[in-house]
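Both complexes shown next keep subunit A, but they swap its partner, so subunit B is in the first and subunit C is in the second.
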Partner chain A sequence: MSDEKNDELVTVYVDDRAVQVPPGTNMIEAAARAGVEVPHYCYHPKLSVVGNCRMCMVELGMPEKDRATGQPVLDDAGNQKTMWLPKPAIACATKAMPGLRIRTDSDLARSCQQGVMEFLLVNHPLDCPICDQAGECRLQEFATDYGRGYSRFVEEKNVKPKRTVLGPRVVLDDERCILCSRCIRFCQEVADDDVLGFIDRGSYTTLTCYPGKRLENNYSLNTVDICPVGALTSTDFRFKMRVWFLRETHSICTESSVGANTLVGAREGKIYRITPRRNDAVNDTWMADSGRELYKQVEAENRLALPSIEGQIAEDPARAVRAAADLLKGRDKTAFVGSGRCAVEEQYLFRKLAEQSGAVRVDLVSRIAEGDGLLISSDRNPNVRGALVTGLIDALPLSELAGLAAAIDRREVDTVVAYNEDLTEAGITADQLAKVSVVYLGTHANATSARARVVLPTLTVFEKNGSFINQQFRLQKFLQAVPGPAGAPGDLRTLAALLDALGAPAPAGLDDVWSDMSASIEPLSGLRFMKIPSEGLLLDVPSSLRALPYAEGETLHHRPAESGVAIA
Partner chain B sequence: MAANERRIILKNIDQPGYGNDIDTYLKHGGYEMLKKALGSRPEDLREEVKKSGVRGRGGAGFPAGMKWSFLDFKSGKPIYLVCNADESEPGTFKDRQIIHKDPHQLLEGMLISAYAIKAELAFIYIRGEFPEGARIVERAIEEARQKNFLGKGILGTAFSCEIRVHRGAGAYICGEETGLIESIEGKRPYPRIKPPYFPAALGLYMCPTIVNNVETLCNVKHIVEMGGEEYAKIGRHGNTGTRIWCVSGHVRKPGYYEFEGGAITLGELIYDVCGGLQPGRSLKAVIPGGSSMKILRADERFKGKDRDGNAYDLGLEDLILDFDGIAVSGSLSGSGGVMVLDDTTDMVEALANVSSFYAHESCGQCTPCREGSLWLKKILERMSRGQARLEDVDLLKSVADQIPGRTICAFGEAAAWPVQSYVAKFREEFIAKAEEQAAGRKPQETGERVALV
Partner chain C sequence: MAIVVQRKPLTWLEKTYLPQILGGMKITLKNMFRPKVTLEYPEERPVIPDNYRGVPTLVKDPNGREKCVSCQLCEFVCPPKAIRIWPGEIPEDAETAHVEKAPEEFEIDMLRCIYCGLCQEVCPEEAIFLQDIFSVTGYTRDEFKYRKEKLYELGGTLPDKHFKWDKKKEAAARGNAH
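Moving on, here comes the complex of A and B:
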C-alpha cells in the first residue's frame, strides 16, 4: 500500500457497500473499512501474503467491459454491469481496483467458508477444554460463525507430536496447528531468524525447528501471539489462566525508548501476561520477549511496600514524608537523581521538588546499551525525553553519575534524593554513599535503599497511570492494570506530599498535574492526560531538544535521521 | 506401430540402431533446426509458434505461443526457460521415452525455445524417479556442449545458453509449474498464488519464466522445420500437430502411440491400436488423460452441440482423440494417459487406490486439498476394509465438492475429480458395496457404530 497515492482512492464494493480505499489495498482490509469481517487465518497485516488457509474466499466480481471496444457494459438502468467469476477468490490476495466487488455472504462464499471450516476441524483434536487458546481462538470463533455445528468425520484423526519444545519460551502442539505458516513467516520476515519450517507432506505436515536450531530469539513469543489457534503456547503463560478472565489494560513497554504498546492481562490484582498492542507507527503488532517478563517485578521478593525511617518500618506514611522533608529543609547541599523510567508527570513534580529544595544538581541515570534494530533501542530508559521536556534535566545524561560522585567527594553534596534508581549501580561507590544522607523513593529494595535514611515506596508502571515520551517524541500513556502494594500511595501523591511539607503545595492528582504542565510546558500546552490517544501523540518539541545527540540507532519505524530533518 | 500412427516426435525412437548419443542424432539431421532458428529473429520464431497453434502437452493444453506472448520482456530481469520433465501423473509415460531415447531432440527444442524467448539459462526439472533419465540428459548436455550447440556463443552466434538439470525428490506437486519453480529455488514445492505470481512475469527467482512440457518443447523443433502454418495443417483446428497417447490398463497392447490431432477415435485407439481387451472381458470405463481426469463410463452417451451448432450424440468409443474431442465428454485429455478399465474392476477399490495417491501427494499447503484429499482417502479405505456405510456415498461427493476451484493450484481438481466422477457414474456400485457390507456385519457392530454416531 503506497501512502502517497492516498489522494486517488478507488471505490470498491463489499457486500454492496461502497468503500473508498487506496488502489492495491487487499480486500480483507478494504472489507474491514466497510465494516465487514472477512474471516481469515493465514493473512496477517504485517506479514507477506501466502493465501494458504483459504478461509477468506469470497465471490469476486469485475466491472464488465466490452471485449471489442473496452467500454463499460451498462445494464438497462445505466449502471455498470458486474461479471461475477464462477470460482471464488481469496480476498487476501485480491487487490482493490475501481469497481471491484466482493460478496462475503453469498451462497458460494458461505459454502467456501463452511467447507474450509469443516476441513480445518477434521484432524483437529477439539481439545478446547484443555487448550490455552480457548477464548481467543480463531478456530473456535469461526467454527461458531461459519461452521456446520456438527461433525461428519467418523475416521481416525491424524496423530502428531504434542508438547514439542521449540525454544525456551514456546511450546508447540502440532495436532492443533492449521499450517497457516504465520510463525514461519514471522521468523523469516520480522525476526530475521529463519528457524521454523514444515516437514512431511499433506495433512501430515508438521511444524518444526530446523535441525540444530531453536526458536529462541528475543521475539519468539510473537509467534504465540499471531498463532490463530492453540498450536503455539507460551511456557510462561500456559495453563495459568483462562483468557476470558483477564482484564486487558493498555500499557507501554518500559524496556527501551521505543515504547512498544502493550496490553497487560490481569485478574484480581495479579498480572498473568503482557502482549503487544498494535501501533503501526511504533511497534506494529510486535514486542520483545524480554519486555513480557517485566510484570514479574510487581511481585518480586525485594518489592518495597512500606515506608521506613532509619531502617525502621514507618506505620504512617505521612511521618515518613515529614522525616524526608526534614532532611531536605534548609539544606544547601542537596542533589537529586531522577530516572528515565519515571513517568512524565512524576518527572515534572520531581523537578518542582528539586527546585523547592534548592538542589545543587539534578542528574539522571543513563542506560545505554546495544539496540537490536527492531524494538529495543540503545536507550534502555523509556522516558529520557520526558525528563528533557519537563525540564528535569536540560542535557542528555552521562553514562555514569561521575559529576555527583565528584561533588560528594568534594563535600559539595551531603544529601541525595534518589528516585527509582540504585546509585551504586550508576557509579556511586558505597563509600561515597556513606558520606551522604539518602532519601530513596523506589519500587524495590537495593543497596541504595539499604543505606537510605528515609525510604518512600513507589509504584511500578503496572500500578499507576502516567505517560512516557518515546524516541520519536511520541507521548504515550499507560494505565493502571493492578493495584499497588497495600499502603503504598501513588508516586504523585508522595511527591506532592513532600512538596507540601516543604511549603510548596502541589497538585497530587494526575489531571491537576496535567493542567499545571500544560500551562507551563510549551510542547504539552493544551493537553490533558485523557486527551492522549491510545496510539500516542507526536509532540511538537523545540528543535534544540530534537538536535541533542541521542544514542538511539535505527529501529522499527524510527530513523534518527528523521529528527535531523526536523532540525532543518 | 499402428497403421495410421503419424510419428513426428517419436519418429526415430525405437527404430533399430537409433541410440541416444549425439552422433546418431546428428546423422538423423540433428541440430539443423537450431542452426536454422539461430538465423531467424526471436520474435519471428515466437510468431511461428503462435501460428502453429501448438497446445501445451503437459496437461492443461494451453496454447504455447500464447503462453510465450505473456512474457515480460521489459522487466530488465533475466528470462528463464524451464522444461517440465516431472511427468508425475499416473498413467503418463511419454516424456520418459523422449528423455531416455532421444534426449537431443529435447535439447534442440529447448535451445530453439530459449533463443526465441531470449533465455540464456534453461532448466530441465526431471523427476526424482528418473535417475537414469537425468544421467542421460546430463550426458547429452555434455555432448552438445562439445559441439558448441550450447554454452557460450552457440555456433558462432551471439546467443549463449546453458541448460541445467535439476532433479526432483519424488513429489507429484513438483509438476505444477509454480511448485516446480519453488523447488528449483531450493524450497518446498508449494505452488504459488496466482495472482500475483504468474511465471511469465514473476517466475523463477521472481524473473519472467516459461515452463513447458518435454513434448511441447520437442514440438518447437518441428514447428521451426515446417513453419507454423504448415504445422498447423497437421491435425484439426485447435488440435494441431500430433499427440503422444500413453495407453495403460486392461488392453492387450499398452504403450505409447503418436497420432495427429483428431485422426482416430478413442474406440479405435483401444480396439485397433491397442488390440482391445483380454478375451472374455468387456470395457467398463476409461480415464482419458491421466488418473486425475474424470472417468468415463463405457455405456455413457455424450450429447450436445458443437461449435458450429451441429448436434452430436456420441458414445465413449466415438470420442475423437484430441483435446477438444475428449473435452466433449466433460473430461479432459490431460497428459494423454489413457487408462482402460475392464469389467473385472471394482470401482470402489479403484477409486480408493487413486485417492490414496492424491492424499499422499497433496503438498499440504492449502486447507481444502490437504484435509479433503486425506479425508476422501480415509473414507474409501474404510469402505475397502468392509466398513462402508450407505451415507458414505453422498459424503464422498459432498467432501469432494468442497475442494475444486478453492485451492491454490489445480491439485484440488486432481484430488476431487476422480471422486466426483466415480461416485456419480458408478453410484450403484458404491451403494451395493455399502449394503452388502452392512448385511455382512454382525448386528452388534452396526449397533455400536450407530450409537457412536
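Moving on, here comes the complex of A and C:
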C-alpha cells in the first residue's frame, strides 16, 4: 500500500473506531484494518462482489446534512450528526466514503447475523465429524460466534446429492453448500473456465456442472480452498487427515518461475497437502493444481537417501564426499551442470565448487514449456534468475546441453558433476555419459545416478530452508516443512564438505552462506536469510540482467516488458 | 524449643498385657461374624459400577454398523497420545456408503492410556466407551496396542435408539418434496 498518500485517504468509523482507508475501499476490508471482523461467506477479496450470503449485514450511518442548504447538521457539542439508515446493509457492497459509519455489534446487526446463521444452518447436514472442512470451516466458526447454539428447525432437512464427482480432483457435497457462489465466480473470473452453476430454486438450489462439462481445469482446487464450507473437497486430501493436526510451513511452489507462495501442511514428518498462501504481488490467493501434487516426490519410490560409491551404498557420507573430491582433484576436464531447481544458496556454493575444481564449463538445464498465462510461466525452473544473480551462469541456459555433449565427444570433458539434474533427459546420450565419470548430487535416482561413480543424496524443497528468485526478481524464501531422509545431510553441508575436501573451506550454515553472499554479490548486499520478508523482496539487479531474453510470457502480476527495462 | 514428653509408668493391670490381648481378640471375634469384604480374585470378580472408567473400547450400533467415523477428535484430545487413527473412505458399493467415512485402522496403546475418559466425552458419534475391563495383561508391548478388531470385540454393541445415519439414509431414499 505504498501508493497511498495521506491526503487521498478518507476516514470511516467502524464501531466508533476511526480508520483511514483509500476511498472506495470495501467496508469489510476497512473493518479488518480497524481490527473488526465482519463475518462473511460470499465476499472474497480477489473476486467480484455479489452480496448473496447476507452474512455481512451491518448498520450504516451517513454524516447528516441539511437537505436545503447542504450544510452539515451539528449536535449540541458541535459534532456532525449521523443519520443511521433504518435498515441494515451489506458491508461487502458498501464502499468507503468520508465520514461513513458502520456498526457491527449493535442489536440490529447482531440479530441480522444470528438470523442469517440460523437460515444457513436450516438445511445443513451437520456432519462435521466426517467433513474435511471441520477445523477451518467458516460455518463452524461463525456458528460459534454468531449462532444461537441450538436448532429450532424440527422439519425434515433437504436432501441433495452427496459425493458428486465434479472433476478429477474435486468432489462436491451439495448438502453442505451454502450457495455463496465463490467457486462459480472463480471459474468465470480467474480460471476462465465457466463450468459451474446453480440449478433449481429456493432451498432446492443446487450447485452443479454444466451438462457434459467437468471441473477439470488446472486451477480447480482453488475452488476447494475458497469454499467457506466443506461442500467442495479435494479428492487427494479427502479423508486423509484432519486439518487441525497439520502444521503449516511457508514454502514456494517449484513448478515454474512464477514462484507461487504456498503453505505446506504436514503432520509428524509427512506432508498431506499444499495450499496457496496469499501474496498480492505474485499469486494473489491462487495456485495451480499441478503444483499441489509436488509433495509426492518426497516419498517417491526412487528417492535417494544414502550416498553410494561405484554403485555400492556408502554408509558414511564423509567417505562418499572424499570419493567425489578424489574424482575432481587435479582434473582439468571437469564440467558442472547446475540446476534452476536449486536454491540461491546452493547455486552460490555450487559456483564456488566449480571455480575451486577449475571447471571448463558450467551449464544449467533449461526447462521451457508453454505457460498458461496465469500462474505457470513458460520457464519451469523456479530459480534460473538465482543462478544468474549468484554468477553460476552468465547467460540464459540453452534448451539442451548440446555444448556439453559436443565437449564430451571432443574429449574435452572427462568428469561431470550433475546437481539435481538427469543429464540423459537434457540431451546427453547414454554413450556420451559412459565416456565420462559422473558425480551426481540429487534427490531421486535416475539414469544419471545409475551411471554415476559417486552419488550424494540431496533434499527436496520441503526438507530444507532456502530461497528462490522468481521471474520478477523477487527473492522469496521457503522453510523446512518435514525432516529429510536419514542419511542425507542437506545440500549446503554436502557442498561445503566437498569444498572442504578440495581445500577451500566454505560455510555450511545458511546464515554463514548468506553473510558470504551479501558480501560478494551486489544485488544481495546487506541481506540476510532471516531478513527476507514472508512476501518476498524485489531485488535491485543490474539492467544487463533484466534485459536478457527470458522465456516467460505474461502471467498474473508479471509483464515481461516491465521487467525487461530497469525499474531501479 | 524442646518438649519433654512425660511418660506415665504402666499400671499393674497394664503390665499383665491382658486388657490389650482381650481387646484384640474382641475385634477378631467381631470380624469373624461380619460379612466378607474380600474377593477370591480372579475366580470371583467385583461388581463394576456403571460409570466405571475401564479400558476404552469401540462399539457398534444395534444394526452392527461401526459407529466410529474417524473424525479423530479422540486422537486430538487424548492427553497421553494413546490413540492413533488411520482414516479411510467407505467404498460406494458398501451398505453404509452414505456414512462415507470409517477408520481404516484404529489403535489404542493401553500402556499409554490413563483412563481419563476424554475420548468418550469428546466423541460426536458415541462410538468409544470406557467399559468395565480393568485388567489388561500381555507379554509384549505390541500386545498392549489394541487394534480395531480387538476394540470392537471388547466393545460389543451399544443399545442406543437414535439411528442417526439410518434416518439420513431413509431421508435420502425418500428424496426431496419437489
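The rule is simple: the second predicted complex is superposed on the first by the 558 of 568 C-alpha atoms of A that agree within 3 Å, B and C clash if a C-alpha of one lies under 4 Å from a C-alpha of the other, contacts with A are read in each partner's own complex, and residues count from 1 in each chain.
By our rule, a residue touches a chain if its C-beta (ideal position, glycine included) is under 8 Å from a C-beta of that chain, and two chains touch if they have at least 3 such contacts.
Note that this is a predicted model, so its numbers are computed, not measured.
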| item | value |
| --- | --- |
| First, second, both or neither for A:152, with subunit B first and subunit C second | first |
| Touched partner set for A:204, first subunit B, second subunit C, both or neither | both |
| Partner, of subunit C and subunit B, that touches more residues belonging to subunit A | B |
| Partner chain(s) touched by A:240 [first = subunit B, second = subunit C, both, neither] | second |
| Contacts of A:88 with subunit B and subunit C, given as first, second, both or neither | first |
| Partner chain(s) touched by A:54 [first = subunit B, second = subunit C, both, neither] | first |
| Contacts of A:14 with subunit B and subunit C, given as first, second, both or neither | neither |
| Partner chain(s) touched by A:506 [first = subunit B, second = subunit C, both, neither] | neither |
| Subunit C-contacting residues of subunit A that also contact subunit B | 156, 158, 204 |
| Footprint of subunit A on subunit B - complex, ascending | 171, 188, 190, 193, 195-196, 359-368, 370-375, 378-379, 382, 395, 398-399, 402-403, 405-408, 452-453 |
| Subunit A partner contacts - residues on subunit C that touch it in the complex | 69-73, 76, 87-89, 92, 98-101, 124-125, 168, 171-172, 174-176, 178 |
| Residues on subunit A engaged by subunit C in the complex (per definition of touch) | 125, 128-130, 134, 156-160, 162-163, 204, 238-242, 244-245 |
| Interfacial residue positions of subunit A with respect to subunit B in the complex | 49-55, 57, 86-88, 90, 93-95, 111-112, 115-116, 118-120, 122-123, 152-156, 158, 178-179, 197-198, 200-205 |
